[in-house]
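Residue numbering begins at 1 within each chain, and the chains themselves are lettered A, B, C and D in the order written.
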Amino acid sequence: MSMVQVGVIGASGYVGSELIGILMKHEGVDISGISSENNQGAAFSTLYPSFKGQYDAQFESNQEVISKSDVVFICLPHGKSENMVKQCIDEGKKVIDAGADFRLNDLKVYEDWYETAISYPELHGQAVYGLPEMNKEAISQTSLVANPGCYPTSILLGLYPAVSEQLINTDRLIIDAKSGVTGAGKSLSAVTHFANKNEAFKAYKAGTHRHTPEIEEKLGQMGADNVKVSFVPHLLPVNRGILSTIYADLKSGSDSEHIHNLYKKWYANDPFVTVLDYGTLPDISHVTHSNQCHIGLTVDERTQRLIIVSVIDNMQKGAAGQAVQNMNIMMGFNETEGLAMVAPSF
Amino acid sequence: MSMVQVGVIGASGYVGSELIGILMKHEGVDISGISSENNQGAAFSTLYPSFKGQYDAQFESNQEVISKSDVVFICLPHGKSENMVKQCIDEGKKVIDAGADFRLNDLKVYEDWYETAISYPELHGQAVYGLPEMNKEAISQTSLVANPGCYPTSILLGLYPAVSEQLINTDRLIIDAKSGVTGAGKSLSAVTHFANKNEAFKAYKAGTHRHTPEIEEKLGQMGADNVKVSFVPHLLPVNRGILSTIYADLKSGSDSEHIHNLYKKWYANDPFVTVLDYGTLPDISHVTHSNQCHIGLTVDERTQRLIIVSVIDNMQKGAAGQAVQNMNIMMGFNETEGLAMVAPSF
Amino acid sequence: MSMVQVGVIGASGYVGSELIGILMKHEGVDISGISSENNQGAAFSTLYPSFKGQYDAQFESNQEVISKSDVVFICLPHGKSENMVKQCIDEGKKVIDAGADFRLNDLKVYEDWYETAISYPELHGQAVYGLPEMNKEAISQTSLVANPGCYPTSILLGLYPAVSEQLINTDRLIIDAKSGVTGAGKSLSAVTHFANKNEAFKAYKAGTHRHTPEIEEKLGQMGADNVKVSFVPHLLPVNRGILSTIYADLKSGSDSEHIHNLYKKWYANDPFVTVLDYGTLPDISHVTHSNQCHIGLTVDERTQRLIIVSVIDNMQKGAAGQAVQNMNIMMGFNETEGLAMVAPSF
Amino acid sequence: MSMVQVGVIGASGYVGSELIGILMKHEGVDISGISSENNQGAAFSTLYPSFKGQYDAQFESNQEVISKSDVVFICLPHGKSENMVKQCIDEGKKVIDAGADFRLNDLKVYEDWYETAISYPELHGQAVYGLPEMNKEAISQTSLVANPGCYPTSILLGLYPAVSEQLINTDRLIIDAKSGVTGAGKSLSAVTHFANKNEAFKAYKAGTHRHTPEIEEKLGQMGADNVKVSFVPHLLPVNRGILSTIYADLKSGSDSEHIHNLYKKWYANDPFVTVLDYGTLPDISHVTHSNQCHIGLTVDERTQRLIIVSVIDNMQKGAAGQAVQNMNIMMGFNETEGLAMVAPSF
């Protein structure tokens, strides 16, 4: 079988590094090339010594990578993807954009929250939001996937059944999320300096994080009315993992068994979502280094609230893993090809 | 000046160890003795090697410790304090109980949540809830202080001004709290086994933690009507620190400046509470190894919610530090004597 | 192709858990069964929640597992393997013993250091020491492999070329090794209690660790005369990884380039050993979650010492990964089948 | 009693921050002022939020600080201290230089290893090497103390009795040292980026670290002949602490009891050095956040080597704590004033 040629634009960052690791294990693709604005000519394994002797390819120019590829992953900061996507689509490539530029359907909301103007509005109409558990059919038919944000992935998977089945009020959702440090990426900063972050923990961007409109828009598309969330992210002193604790007022009586069964059934055919036994709450360590999402449910009987706890690995299901899952669906591969099904126990 | 003689019952546990460290620095007291059911005859520094050469006293019996003391700290599991407190009070000692037995005024609620019967109901009437910022006057006049729980301390300090001034609705509070591992104490368990807890993070006892009724009762005493909280604690992979993220619906318009000023004024004379600049959120690392509480405030304008983030060191302001602060007030010492005012920067 | 049936005895421990994770990815084998003395009837995923929904098989009896298997991995404490190996060999199975019982050829030394009597001396003659880079041919022809200890693996790989080529004196080797906490296994202990181990670091068993005679005997088999090592292990506050710093007096002039070239050439055909550029020193994070060994070399010109730094993942190349590598060689699979070639970057 | 006025030059770095924390607890001094080249006009508590509300002083110019001070601590990179010391001495101040410029008596060796020229050789003659356990008398009489390096402090204290009493050969010492990340200071770097350093461990500057000549020169001053050390530092994923494992060939028979008794007696009057029971090895967590040094001893009988394990907190006994200890000796304060005698248990 001829291998699909896959390129990575912006491969020097953390998502790029994680992608290379996954793609090396994928039996249907070759890595055709990698690019990095600041590292052209350098070997990938110089930046990421784990790959020494296993993947020592050099960074090339964006154009070189695009030319050699059937599928292009784009790992660029928001505002920088749009032009690159345009170029890839114009050259007839399939594209998975790991950045934020194509995630929102409401372009006005994008421009407000990201303070960035959109240049090719028509292009955005082609983009499919790449949450496979929600949009698998559309993903299989598009050439342009917008890979979801890490926080939204954990949150949307946690809420999808409850929202679709109208179990909860969505006008007063509270989402308290906690992420590992790789979510902040490779750029050096005082916040991610080891001595500052180790044995430390804090909230940030309370109520103002850019993933907020993504969460609200997609919940609306899942069937929620009048969505309004208070979203507060926190930074954990761990490398990987997102845990989202979601507080939702139940619409009517708390039939916890009914809710749990619904969740189990909802995700029965999704290979990367596991609904735990009722009352069992997940740990990020149970999913890190895998593409899994674990979901735990409990009803707070005293307050008639559904408490949902959802965990993913921010670098896998929250970024590179989900990007490959999307590629698998787009290209007709087995959905799980190349992806880790099980987290190591420690 | 003659030194106050201070004993510690149950000194082999984590709170006991932290207390010894503080009391050694206190200029007005001598440690008269320490007891431990399982370690009688052993040297304290065998269990806690940091103290080698500095505090090598041996554990004695409870009765020996009580006899030699003016003030007794009791660090026993719930259900075990009550008898010991009775004995100390009968012998005319001042008592600070670090456990849960005397925290709740509603004894029925205690018996329900702790599944433990109360033997001396009349004794409970003498107990003062030892949150100095709330009850300083009463603490100064009692012989029996119930030292607050760690989570409630962080939460009550965060909510006190808003609740007292009727700024928020208290019938739908959501409190998402995160604690370091020392909160789980010295007992070995799979949860606190290093390989399980390192690079890990999870929620536990969602909606069912025993600190819930303590939070609700004390908020009521602060002036809240119809208090109802959803309280979900989480376990951080750090040794020390509690961060509580509190979501409260504002009663009327969000005058964030007014709220912030109120908080600043409220705590202006409390040496261990620092209200940060509006919008600045605290980090647990800014208070660990000190008796400080840092409080950050922000109003989520989109949802008209007040988001309060409060941090303490669970072993200091959340346990041993607050116990000594209570002793200082009871015995007429300077409130800050022996206590760390500033956390080390790392 | 018919799949090889593989069973794991003692699968409830950390090495067992890691083995299951690897075997699930191996395309030539089926896991025929798992046993655990204390967990019979329980589901594996109850102990290791990462596997929930992916590997939920129950623990059976040892005999059930052996009966269904072509190859048996034995993950038992020293002193418990010998009988089990006997039984497997008697039933015509291939065996890889992850424990210590068959590692030493000098049975007297084993009995002294391990304070355990040997019952079947003749059986030991069949055992091959499973360091593939040293004994590949013999491994391919035996039915009984003794999987090396974690520390010895990192140390022997680091010293093999220098010892074989007589570059160093081996009568005064100093080996300062540091291991992650999973090396101490699943048993709860004060040493591995999170609050004790986090932000902590210590040496242990200085000069008395049971891996010492294994190191000395195998160096002798590599060609060293009069081997004598001071071996001091330390316990790192990380989950995985061993780093060994080895200090060896050079026999003659320090031609660092010659030494480095020799190492490069020596391991050129070994897929799991990477010799870094001269002077570049490895980090355990560059190999954890992979079966790689990275080796860094530098000559301390002032003292004419060769300093070798070798890193592995104690659970992979130091235990379960190497065990599967041995199985691959024994069964004629590709040596790298099922094994991770590259560590994730974080 | 009038307070001694103490200023800190270069107070924005980690050693400066630690110094401020100690000096605030010192009952004999006032902090007269702090300077920072890059932060003039900013509040100290903006950089170090732990100090918010407790120490909010602003950074001033060096000259302002010097003018207001009786004693000046200088916390500048090597090469920058010398001029500043000159100025302070010329103005009649007492000086404790936390940097490297005055540590070595052999100026040629300094210039070689530090690649920095010396401008005022005569000034160096006045400097006393500030290891109080070695030079207390001289420290009490000088105006200029060179505060030792962090690694040398742990190593010299570990070796002092054995070297002075000629118990060991010093021409083939091997020192394998491990430090927490604060030793690398406040400057952002890829090495100390959280995601790179967490769950990571590596050696660096093997045989070439600048503390090597300091160790060798001071061992010579302690009485060692022909000193030659192989010194390899490593970077631990913890905030604080240094553990040095020292391997020394014993001169004659291994009378471990004699050696241990000698060590106990040697340090009997030193408040900050604790010799553990023979065979007990220290943990860095037993000294972090204190000014203590714990020393463990064991004789490797098989190789006739003395293995010494010494731990300190690199920021306390390895930097700021020792600097204050030196000030106490210089100014006639109690040697322990302001300093933490006991590490918290976690």
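Definition applied: a contact is a pair of C-beta atoms (placed from the backbone, for glycine too) under 8 Å apart; a residue touches a chain by one contact, two chains touch by 3 or more.
Computed from a predicted structure; not experimentally measured.
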Chain located farthest away, centre of chain D as origin (C-alpha): A
For chain B paired with chain D, centre-to-centre distance based on mean C-alpha positions, whole Å: 36
Computed distance of Cα centres, chain B from chain A, in Å: 39
Centre-of-Cα separation between chain C and chain B, whole angstrom: 46
Shared-contact residues (touching 2 or more other chains) in chain B: 14, 182, 195, 198-199, 237-240, 282-283, 285, 346
Topology of the chain contact graph, where touching chains are joined (line, ring, star, complete, other): complete
Chain A residues touching chain D - in the complex, by the definition given at the top: 14, 181-182, 186, 188-190, 192-195, 197-199, 237-239
List of chain C residues in touch with chain D within their complex: 172, 174, 176, 178, 195-196, 198-204, 206-207, 228-230, 232, 234, 236-241, 243, 245, 247, 281-285, 288, 296, 298-303, 305, 307, 309, 346
Chain D-facing residues of chain B, complex: 14, 17-18, 21, 24, 48-55, 182, 199, 239-240, 274, 276, 282-283, 285-287, 289-290, 292, 294, 315, 341-346
